[in-house]
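Two complexes follow with subunit A in common, the first pairing it with subunit B and the second with subunit C.
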Partner chain A sequence: MAELGRAALVVTLGLCVYATVAGSYAAARRRRRLAGSARNALIAAFGSTVVAAGVLAAGFLRSDFSLTYVAQHSNRTLGRAYKLSAFWGGQEGSLLLWLLILTGYAALAVWLNRNRARDLVVWVAPVLAGIAVGFAFLLVAVASPFDVQAAPADGAGLNPSLQNPYMMAHPPFLYLGYVGLAVPFAFAMGALLSGRTDERWIVATRRWTLVAWTALGVGQLLGAHWAYVEVGWGGYYAWDPVENAALMPFLAATAFLHSVMIQEKRGMLKVWNVVLVALAFCLSIFGTFLTRSGVVNSIHSFSESNIGPWFLAFIFVAVAFATTLIVWRLPLLRSKTRLESLVSREAVFLYNNLLLVALCLTILWGVAWPILSEAVRGTTVVVGRPYYDFFLRIFGLPLLLLMGIGPMIAWRRASLRGLGRTFLWPFLISVAVGLVLLWRGAGSSVPGLIAYTFSAFVLAAIALEFIRGTRARKALASESWPGALFSLIGRNRRRYGGYIVHVAIVFLAIGIAGSAYDSVVEGKLAPGQSLRVAGYSVLYQRLVERDTPHAAEVRAQLLVSRDGKVLGPLEAGKNSFKIAGPDPQVSSEVGIRTNYLTGEDLFVIPEQINADGSVYFRIFVKPLVNLIWLAGFVFLFGSIIALWPDAREQRRLAVRYEEAGGTVRGT
Partner chain B sequence: MARKRSPARLIIALSIAAVLAIFLLYTSIAGGGTPSVKPSQLGGQTGTVALVGRVVGAPTGDAHAGGLRFRLRDVQNPKGTTVPVVYTGTVPDLFATGRDIVVEGKLENGTFVATRDSMVTKCPSKYSATKPAGQ
Partner chain C sequence: MSGALILGAALAVLCVVLVALPFLREPDPLSDELDELTPERRRRLALAEERDRALAALKELEADHRAGRVSDEDYRISIGPLRREAAEALRALDTVPDAAAVAETV
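Let's look at the complex of A and B:
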């Protein structure tokens, strides 16, 4: 079986090399049949990658430990679902997943666009194939998942902290996001190569970018929630390099999603857009590199590996390729129109972009700082949480405010009267909310208070948009209120989907800002003793031990009450997993009690369980933290609305691009 | 028609200047981060550093009462110098003899006094997202 897997990867590599070389030649010389052949080779490459992935998946399901990779990441007692998720538990499998998703996306992209914007798409296939060559080469020559050995009796197993539904979903979502950014990148490069630098590449890739971006966002929130409930230190994001690696392309892609609207509507920012999409793509490769190379000290310490230099070379090629193309095509990237006023939607979108990119680059700077300082000063210097928190506030708070202004302000030039009409109520409401919060004691954290005031402003502005739109729709079509709302959203999916995503980001901001108001208490308790924090009282009743097939569990049984009223029991403890191996397989199991009405969590960490039955607890009260997870659902919902196929939009675009002399349609 | 300077350029130039100013402000206030050193390099350090090393010998004491005591050596050098560490606060699940950890703190009279809750463990053997303590 291993031979089949290895052969399939060699075939993939061959097909991708062919698609790159033949595709480029065909595009440059306008050979249509050869271009078709290159496209088919790319689609076939997906087929052979599926075969390779199938072989590895079968190896996991059959517990075929003659495959070294399977033996390292699985064992016999592992559940079927976790056997499959062990597929991406290590480096080689992760690379294979990358290649699988990349060739899948590539095949779909060239197939869906086969009859559209041909002069552009002929260049897309070789660019995508070129990226795939890099990964296929790594899998064939450097890090093969199909190395064989004399089969041991059992495998090493999957780390217990990864035996969790979140860990099954989190990596694939991130990869769907990372890899998905390759498609808009390839279209942008295709536009430059073909000289078709109008906005067709943007229209053709809008949904691709949205899908990748949504997957990246959902993937990160899944990871954050996993860290919150499973890793259990009371937080969800630690500004670790590997976490930042996913955040940076997300920020760049967010900037891109906004700035392309300016190019679509006003023909501006053409250079900026290709730079952004190249940045987002290169950061996604950089993210994979960071995760896999061990070059930066990270709490996500993956096994150090030999693929670091290869990835560095890959990033270098990608950056050089994109830079060369952009410089070469600069004359074609002139704006059709110019910015007329600093108070207009274009201008606000520009501010938003600058803030997002500034945030992204300061994070990049923080991640790269240990490497740079080592090179320059000889000592490795790390920057920590204060650095990142500082810049999140400096750049994030204005971004939050702009979210309430950008979508509502007029294009080209906003008048004072128009501004007053749009923003008077949101302004008054936010000031009122700010004052009430100040009176209730929220002034203990100034950034928190600012965040909440801005959040109120954005929510009010969005609510007003929905109310005005619905009222107009109702007057126009004499529908019922819900009917009018429904058709309002249905007829403007991009706009209202976007608003809903903005609501999600506001929820996220509220949840994150809530951490400024956390309360914490800690102490050693003997059975019968209790700790008090923020109105809660946590009584430690007794320690119980349980034995399950997978782990020996110790649990402290607690009784939670608030303001004298008993709320109910809670458990927190530790699991000792019954897995042989070099790692101590103990994990803390935190106790979380959620108040679904206020979004507040009581979060109990059993820090240390002593032999005499006493337990050292650390207990947090985390107001509003659940809004972060709620934001995930709202985010997904809004994205799906913005993504949903819209026949009206397709017709509008078709007309527009026939006028422009092309036949592209949004995909 | 005389081409007017685009305000977009002005905005970009101004924002780059603003970002640089903020940056300088930040680094001058907060300093440039924490140096990361190995036990063998600890000798000349006087300020707060992040110490990266492997735990040797059996840890003693209680991290929540009087402090957890253990020794660290360079990860790469099994025969190298070791440094005693005293640590209080959260101990990650993965902390054990033979494990690679990072602690922040200061050398005081030959003992590395770790900052409360600053310990982070690394898992050298395989893919494993581990717990950052006390954040």
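Let's look at the complex of A and C:
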């Protein structure tokens, strides 16, 4: 079936090239049927990519090791679910997943918008197709997943660290996010190409951006949880370049989601918005480049990589294309309105944007500097955790505070007396929380104390927003308290969904700040010995060995007590995976005991298991760490509320476009 | 020729038909021109956006004032310019001819 997969990819490439060329010509010369044909080509490209992806998935499920890619990333004993996730376990499959999601998004975007704003959408199809050409070309000519070989008896197996449920979901979510940013980018470029820089491109892409942003956020949290439970170093985010690769477009997209509101409300920041959407997309391509080119390991592996130079060229073309268009259309992007006051909601949104972009660019510099240094000077430089932590505090703490200030301040301008009244309660609550925490010993970490105080301020501000809004709604519509609350959220989904997302970010901040108060102890224990840390006592009882079809497992059985009370057993150990290769692949299987009431984790890492039965343990107590994972659920909930279609808004937009002379007829 | 290649060729043919569909459906259309917003329609759209923005701002200011987020003093300062903006946008919208109506009468 490899021929079918290859043929399907060639068809996809041909369709995408056609959609780019014919679509551009049709848009420039206003050819209706040709534009429809280009749109259909993009939809067909999704169909042919589905065929290619289906062939590869079938290859994995059937253990068809005549496909080199399948043989490299799976084996016969691999479970069915992991066989499917092995699809994106390597470079070629990841690129195919990228193309599949991209053509899927593109087909959906052009189909859903076929009868709306045609003068703008007609340019969107060739831009999306142009992006797809890059990936289809790589898959056809540079990194095909359909290379064949004489089938070996068994495959090499999937990297053990990827054999985790989180790794089945993390990459697809990240790719849904990365690739999803292509849609707002294409609409922004379409608006610039067509010269239609009114609000329609923003209206058309609002939900797309939110979907991509949510997927990126959820994907990163899934990855963080995977690192926490699987990698076994005791943390969840190591500022690794590959992790940063997903964070950077997320930050740029966050800035875009906020500044786009200023354009909608005040007609301002049009240039800034197209710059942000272009930045978010280019960073998503850069992220894929970082992950896939090998440049993170060394500049040499980049030059040896078959796709690295192509990706670099792709990024260069995307940046040049976006920059040229923005500069060309600058006269159309000038705003008529100006910032009226530095103390207003739009000003706070602007400060928030500047901080987000500054944090994003700081991380970009931290990622790029070692690469540039190695390329130019030949010396390897490591930009480590202190650099990133420093800038996270410098930019992240003010961002946290602004999250509480922004929603409560009036648009246009706010008087100092009004501000005093608005912020009195959140201020008093945060000061009280800060003092209590100081008294409880939280002053051991100043950034941690500031983060908690700011978090209290934001939570109080959001709670006050809900209370005030519900009270006003209740008075206006004579509803019950719950009815008024639901109706308040239902009538302002974006606003209150956004507040719920802010609550999630506060939970995240509290969880991250909790790491400043981690306790740790380490030591070598023989059976019967114990270690004490932060009130816990961990007794090492015995070592047991188990054999499973996939791995040989060794587990240290532990008994956990706190303040003399036995809490229960815990296991931590190592897995030695049965996969082909000269070196056995061993993974650390950490033991985690969660206190769901306090959000605290007892985290046991078996650093070294010795032949005499002794084990070298590192044991952490991580206060509030579970708020990070709770934040994921709250984030998703808030995003869904914000995403939920609003019939009233749709009607208002329909009236606007009808009054403007009706919608432009589709092809 | 293997079965896979036949399937590949069939896929290609299917895609070509889909791509050619707009031409097969309308081999000889009255007009092959894409509709475009006329300058009047664009002007109306821009004014409708301004009007909606001003009206939404007014609505939000009222709601914020009612909820106690905006003080009486801030409300008094902001309400006048907002009302003016909304009135100006509505007036301007009235002065631009309705392109659809014009097209219908022609």
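Everything below uses one rule, namely that the second predicted complex is superposed on the first by the 642 of 667 C-alpha atoms of A that agree within 3 Å, B and C clash if a C-alpha of one lies under 4 Å from a C-alpha of the other, contacts with A are read in each partner's own complex, and residues count from 1 in each chain.
Basically, a residue touches a chain if its C-beta (ideal position, glycine included) is under 8 Å from a C-beta of that chain, and two chains touch if they have at least 3 such contacts.
Being a predicted model, the structure only gives us computed values, none of them experimental.
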Which of subunit B and subunit C A:47 touches, first, second, both or neither | second
Just subunit B (first), just subunit C (second), both, or neither: which does A:266 touch?
-> second
Does the superposition put A:404 against subunit B (first), subunit C (second), both, or neither?
-> neither
Where does A:240 make contact in the superposed view: on subunit B (first), on subunit C (second), on both, or on neither?
-> first
Considering only touches as defined above, state whether A:385 meets subunit B (first), subunit C (second), both or neither.
-> first
Looking at the overlay, what does A:607 touch: subunit B (first), subunit C (second), both, or neither?
-> first
Using the superposition on chain A described above, determine whether A:219 touches subunit B (first), subunit C (second), both, or neither.
-> neither
Which part of subunit A faces subunit C closely enough to touch in the complex?
-> 1-4, 6-8, 11, 14-15, 18, 26-27, 30-37, 40-41, 43-45, 47-48, 51, 118-119, 122, 196, 198-200, 264-267, 408, 410-415, 417-418, 421-422, 465, 468-469, 471-472, 475-476, 652, 656-657, 659-662, 664-665, 667
Contacting residues of subunit A [partner subunit B, same complex] = 72-73, 89-91, 156, 159, 161-162, 227, 231-235, 238, 240, 242, 268, 297, 299-303, 338-339, 341-342, 347, 350-351, 354, 358, 362, 369-370, 373, 379-387, 390-391, 394, 524, 574, 581-584, 586-588, 605, 607-608, 616, 618
The answer for subunit B against subunit A in the complex is residues 4, 6-8, 11-12, 15, 19, 22-23, 26, 30, 32-37, 50, 52, 62-65, 90-91, 93-94, 96, 100, 102, 120-135
So, in the complex, the side of subunit C touching subunit A is made of residues 2, 4-5, 7-9, 11-12, 14-15, 18-23, 26, 29, 31-38, 40-42, 44-46, 48-50, 52-53, 56-57, 60-61, 63-64, 66-71, 73-74, 77-78, 81, 93, 98-100
